Amino acid sequence: MPLVTVEALEGRSVQQKRDLVKAITDAVVNVYGVPRDAVRVVLRNNAKEDIAWGGILFCDK
Amino acid sequence: MPLVTVEALEGRSVQQKRDLVKAITDAVVNVYGVPRDAVRVVLRNNAKEDIAWGGILFCDK
Amino acid sequence: MPLVTVEALEGRSVQQKRDLVKAITDAVVNVYGVPRDAVRVVLRNNAKEDIAWGGILFCDK
Amino acid sequence: MPLVTVEALEGRSVQQKRDLVKAITDAVVNVYGVPRDAVRVVLRNNAKEDIAWGGILFCDK
Amino acid sequence: MPLVTVEALEGRSVQQKRDLVKAITDAVVNVYGVPRDAVRVVLRNNAKEDIAWGGILFCDK
Amino acid sequence: MPLVTVEALEGRSVQQKRDLVKAITDAVVNVYGVPRDAVRVVLRNNAKEDIAWGGILFCDK
């Protein structure tokens, strides 16, 4: 019963989210051979002031 | 020092959250035998466009 | 479709895990009114050298 | 800089893991339009006694 | 490629977040000896009704 | 009551872990102004076959 979490910058459209969960679910079903209904995907949307790379917030880059 | 995270659809009332963290904390204290103050619970509230099951977003079901 | 994650020190017996997931699932079903089969629980077991409180590893306490 | 976490039952081969991270990375790059090197994937492997569905551990099903 | 997640009560200023990710990144670089650009930090901001300690929501304390 | 999770490649010594949780706790206490005992740190240690960057497992790089 795989659970996939995708953490990315906020601002994606519903259509992008729709396409992403479909493509990721396809990947898990094809490679791991699990039933489609067993795959759960959660999307997390981070603000630019809540992610940092190299010690610098995205909102400062 | 157990940490419990509950990820569920957004829209629960504060009273439901209050009842849930009490019941979950009771469960952990009773079964694992840890002090009550050692149990931490975090609730995450997901929008329907941020969860998918079987490759389909909840907002499309 | 609630997902509960419990992070605790390693060393619990299978019976304790069995009792815990049952009690936590009861709590979520009763308070949130979701179908029992919709509740997923994941247990994470941390070594004492992988948790710290107040800046000190558990294996040093 | 998307981060994808896949939580699934332990026991997958390295080849399956290799194929899965490639397919998931393809999905994120194609749909979100991010550079390939920006995508990170973490795999978590759960024992059957550490996952439950409907209040019952997988090792008891 | 260490990933650090900090979960705390919401309400921190951008300056506090800026200082925190810098200090945490310094810590990881100094102790683990990884390149600065390899360190990613994600901040999660919890509402007081979404965290509990000892079975009681923070908004009730 | 901040919770910090550090996910990194396995293989760090206990001394490195000891130093890291101390330095990270210092950072959180200094910047967020919380009591030292309120800071919890969890370390996760990933195998090289369980992390990927740019679609390629670390064990293949």
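We call the chains A, B, C, D, E and F, going by the order they appear; numbering starts again at 1 in every chain.
Rule of thumb we're sticking to: a residue touches a chain if its C-beta (ideal position, glycine included) is under 8 Å from a C-beta of that chain, and two chains touch if they have at least 3 such contacts.
Keep in mind the model is a prediction, meaning the values are calculated, not measured.
Steps from chain C to chain F, minimised over paths through touching chains, total 1. Traced through touching neighbours, the fewest hops from chain B to chain E number 1. Mostly differing positions are employed by chain D and chain F in their mutual contact, as under half of the interface residue numbers are shared between these two copies. By number of C-beta pairs in contact, A-E leads when D-E and A-E are compared. The mean-CA centres of chain A and chain D are about 11 angstrom from one another, to the nearest whole unit. Here the spacing of chain A and chain B, counted between their Cα centres, is 20 Å. Rounded to whole angstrom units, the spacing between the C-alpha centres of chain B and chain F is 24.
Chain B has residues 1, 3, 7, 26, 40, 42, 51, 53 in contact with two or more other chains. Chain pairs recorded as touching, per the definition above, are A-B, A-C, A-D, A-E, B-C, B-E, B-F, C-D, C-F, D-E, D-F, E-F. Per the touch definition, chain B reaches chain F in the complex via residues 1, 3, 40, 42. Listing the residues of chain D that touch chain C in their complex gives 7, 46, 49-57, 59-60. By the touch criterion given at the top, residues 14, 17-18, 21-22, 25-26, 29, 36-37, 39-45 of chain E touch chain A in their complex.
Listing the residues of chain F that touch chain E in their complex gives 1-9, 12, 16, 19-20, 23-24, 26-28, 30-32, 34, 51, 53.
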